[in-house]
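What follows is a set of structures to go through.
What follows is chain A paired twice: with chain B in the first complex and chain C in the second.
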Partner chain A sequence: MATRLQFENSCEVGVFSKLTNAYCLVSIGGSESFYSTFEAELADVIPVVKTSIGGTRIIGRLCAGNKNGLLLPHTTTDQELQHLRNSLPDQVVVQRVEERLSALGNCIACNDHVALTHPELDRETEEMIADVLGVEVFRQTIAGNILVGSYCTFSNKGGLVHPHTSVEDLDELSTLLQVPLVAGTVNRGSEVIAAGMTVNDWTAFCGSDTTATEVSVIESVFKLREAQPSAIVDEMRKSLIDSYV
Partner chain B sequence: MAEEAGMFLVQQTVGSVLCCKCGISMTPNAANMCVKCLRSEVDITEGLQKHVTILHCPECETYLQPPRTWIKAQLESKDLLSFCIRRVKNLNKVKLVHAEFIWTEPHSKRIKVKLKVQKEVLNGALLEQSFVVEYVQQEHMCEPCSRAQANPDQWVASVQLRQHVSHKRTFFFLEQLILKHGAAASAIRIKETDKGIDFFFPSRSHGLKFVEFVGKVAPVKSRHDKQLVSHDQKSNNFNYRYTFSVEICPVCREDLICLPPKVKSSLGNLGPLVICTKVTNSIALLDPFTLRHCFLDTDQYWRSSFKSLHTSRELVEYIVLDVEVVSPEVTIGGSRYALADAQVARLSDFGKNDTIFNIKTHLGHLLSPGDYALGYDLYGANSNDDELEKYKGLVIPEAILIKKSYEEKNQKKRGKPRPWKLKSLNMEIDDKGRAEQEKVDSEYEQFLEDLEENPEMRFNVSLYRNEEYQQPSEMASMTDGEDLPSVPLEELLGDLELSRAEVGDSSMRK
Partner chain C sequence: MPRKPTRHRRLMNYRPLTFSPFARQAARVASVCTINRQTNIAEPNKSPPKSAGDKLVKNSLKDKNEQSESSDEEEFDGNVQVDFAFFDPKADDFHGVKTLLQTYLDDREWDLSGFVDLILEQTTVGSVVKVEDDEDNGVFALVTALNLGRYMDHKCIIEVKEFLLKVSQEKDVIDDLRSLLGKEAQSVGLLVSQRVTNLPPQLLPPLYDGLFKEVSWATEDEPTEELKNSFHFKVYIIVSKVYKHKNADQKGKQNSDETIIYVKPEDEIFHKLSSWSFEFSLHTPQIVAHELRNYQQMGLVMAVKADKISTFQQQLQSLVEEES
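Presenting the complex of A and B:
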């Protein structure tokens, strides 16, 4: 189910929150309504953690993670790191990364199996991603943009990319990621997908400007209509299947 | 670019996304909304005028552009379109791509223009929209028309051209010049008087423009005056009538002049007897015995305003008995001259007595024995001139030849139509007696002959083809040795006449 909400009158929900299958990070806001919406939806299933990163509230764009781990930029303070280590479940590995491109959320887009990264990411960071998050890493661009983490978002069920992505690019990415992809917009025609929404396998949150058409696209590609939060089943797909739509 | 480097580039096909509002499939654009949704969102014609009132003067078919200019334009013309576009306010906020008229009934007093504009909206998407502007045309007489209606003979400025000579050659030539340059296009009335012409204009600036035009083509002295007609006490508006008094210098072409001593020495001792060869806004003087020439500016002339000794009315015909060229042919000021000794006799003396004069002349290149020439008879003339008195010990020649004469041949041609004709100004002429009229006619005939003989005079005159002239048959034309100078056909302008058929055709097209 896709929920529409706002963070302090801004529709860019993906900037102020990070949603994965194992946990949810929410930034510290002026009013509690943002936090309470997430709680209402997710409290029974996964922990919802309030935090800041490096003293800022734009946590969604600074960190990258999935059910296996969480990567934080070098600007994260020790207290924040400790707080996160304490709040998150034990199987989630929390790791601070020394990387020149510190907005990891903009540079890395990942689900539980595959990650797409900024083409200029360091080699060590790439290894760390593969190690901590347990994913296969691919360096890619989306519609000519190098900030893959901003212009696409995908879960284990499907993905949404920048509207100007060509058909060939879409096919290529779909093959890499092994999930169905669609080009679309969020928040009334905004092209910055990952900043406008955040998604996991059974639920999605998007800005309140999102039109009904966009919501229906999101719900159909991420297969949210039938999805129920269930015990996360490991589905390791070793065999390569060509993209299925 | 990658293509130039020879790298392999994957073909990029643009996919389609759903419009974020209505959900129909479309190619992605900057706003990611289909055109209809975008247009419903944003109206770029907001803030632009859709109804405009324009004022139209029914007398002169002009439209008012505030505050005061009236623009002449036909319905559905380019001028009207640009005028209408200018009247729409705030049009500079958007980019105008296309404009055209929508047909309206001519008597409906409505003009409709369809404008297509482009503007950038949202995040860089360029939106194009067309809309219709309706103009309501209100009838309002413009100021000059209302003034003309109130009092048709009302003039504000008058220019009085005068020349104190006894012939009208200058005015014939000036008339042609004015016609060619259209300088009197704005004159309400033109009146011919005894020694000149009066022009009446509806505004001072027109009169001034005319005075300046005359000042460029003739050496003139002018002064201006004004007379109060009415006075509005409350707003302190004064209405005047302006009069410009323009006097043209009395020296004409082919005149014989005796220069005053001061002028003679300032011009470098140019012999006191000189011939005037050309009059524009400066006077060209030629000394016939030394072939020296000089120019006198308007200012220079009026400082020492001298009159001519003999004018071209006093030309007498001579027959040339013998010519001996003394110096080679030279070109001075565009014309060729050659100094020669000549033996001439007055035509009135020829055959009757043996009065022969040996004179020097500057027409050596033109004359041969047996030719006729026109010149001034100084031997027989009784010159009552102050300047001449001042020169003591001056040897006055007996005759000075001015030009070659085609009198004999002209006699045959007189009365016959020419292949070309001249237009004339619409002048009011005082009715003169018969004798005066004959004098004027003969002067006009001489003017036409002058035009035929002088190509440089023709330069400033528009000659039109005479439709009524038929080519004389081969039998009739007898060329006796020398052809008369005549105007070549290439110089004639075709008269423009709109036939009824053409006019009807153009009004049919919409």
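Presenting the complex of A and C:
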């Protein structure tokens, strides 16, 4: 189910939060209703952690993560790093990355199996992504934009990309990512998909300006209507791939 | 759902001659870089307005960038020539206008999207300032006047009224304010004027002249009597922000610092001509420049009688002429 909400009059939910299948990060400083909306949806299933990164509130655009790990920019302070290590489940590896392109959330889009990155990311960062997040890494652009982490967002079930992505690019990306993709918008026509919404395998949060049509596209491509949080889904996927091979 | 390329018209026209999707993508990335650079450099005055509904008041200005520290290697010599144009508000301007109005009611969560929709629907009165043929469709300034009585059932207007009453709690003008927002709402206009901070002041007189002309045209041109009357404003309410000196209330301060610094020059004129005004403290976290370290940003609410407007327009014109 997709939930609409706002962070202090801003509909850019994906800027102030980061949602994965194993945890959820929420920025401090917003009103309590922002945090409590996440809590209400997720509290029983995954930890919801309030944090800042480098003293800023734009945590969703600075970090990249999935159920296996979390990558933080070099601007993260030691206290924040420690706080995250303490609050997140033990199986999530929290790692600070020395990378010139420090807005990792804008440069990396990932789910639990594949990551798309900015074409100019360092080699070492690419290796760290593959290690810490346990994914296969592809350098890509989306509709000519190098900030792949901003212009697309995908989970293990589906993905939403920049509205001007051509049909051939859509097919190419879909093959790479092994999930169905749709080109669309969020927050009443905003092209910056990942800033306007955040999603995992069973739920999504988008800005309150998002129209009903956009919400229905999100719910259908991410398969949220029949989704439920469960480790069984992962098990099923592994066995499917085995049988295909 | 067919996807229409709405904004990036120029980009779509450029079709690099390549065969593979990868090469096309690479060529497109290269072309984006060159096209972005070209829009920064001036284009000469083009004549026809974009669509039939636009009224185009041309104001071409050379916006001189004062930074003389640019190195010799840079292509720009520090001067950026920009053609600003005034347009009627359109539904497309939603995101630009919303960004300008983000902090209109301080940090309160309210129906901002509804408020923006209201402004954009009122095409007869109100203008947005944009750059000619700008790909990004950026909104640089907005000015409009909304009749509080006409829109009194809209959630956003109700929230604006509640906000104003709340911040005026201890002030003596609260009774005046309450009657303006209540009984007299039919003749009260909320003057909304927001813009990017460094917009050239030469644009202000035509911007406000345009607004007040539209208000008087609306009293004649609107289709129904009720609508015509709704633009017979007697009082304008303005919500704005100023910097007030932290020690302003102390008597006998030695320094020659000004008590109030106005972010928008016309606010100073409105403040002098206002029937009443009050300041209220803001909750949003502020990033204060070094020069303004003794100042605190405060909200300012003013009520200006409509008959003072022509004085305002004259004083604004002379203020701008002084400064330029």
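A few comments on the model shown:
Everything that follows uses one rule, which is that the second predicted complex is superposed on the first by the 230 of 245 C-alpha atoms of A that agree within 3 Å, B and C clash if a C-alpha of one lies under 4 Å from a C-alpha of the other, contacts with A are read in each partner's own complex, and residues count from 1 in each chain.
The criterion applied here is as follows: a residue touches a chain if its C-beta (ideal position, glycine included) is under 8 Å from a C-beta of that chain, and two chains touch if they have at least 3 such contacts.
Quantities reported herein were computed from a predicted structural model and do not represent experimental measurements.
Residue contacts after overlaying the shared chain place A:8 against chain C, while chain B stays out of touching range. In the superposition on chain A, A:170 makes contact with chain B only, while chain C stays out of contact range.
By the touch criterion stated above, A:31 is placed in contact with chain C alone, chain B being left untouched.
In the superposed model, A:56 makes contact with neither chain B nor chain C. Legend: residue contacts after superposition of the two complexes on their common chain; A:211 is shown touching chain B, with no touch to chain C. Of the two partner chains placed by the overlay, only chain C lies in contact with A:141; chain B stays clear of it. Looking at the shared chain after the overlay, A:82 reaches neither chain B nor chain C. Of the two partner chains placed around the shared chain by superposition, chain B and chain C are both touched by A:183. Overlaid on A, the two complexes show chain B and chain C touching the same residues of chain A, namely 163-164, 166, 168-169, 183, 188-190, 213. Those residues of chain C that touch chain A in the complex are listed here as 1, 3, 5, 8, 21, 25, 28-29, 32, 94-95, 102, 107-110, 112-113, 285. Against chain A, the residues of chain B that register as touching in their complex are 10-15, 17-23, 28, 31-33, 122-123. Chain contact summary for the complex, chain A toward chain C: residues 6, 8-11, 29, 31, 33, 141, 144, 146, 163-164, 166, 168-169, 172, 183, 188-190, 208-209, 213. For chain A in complex with chain B, the residues that touch the partner chain are 163-170, 183-185, 188-191, 211-214, 216-217.
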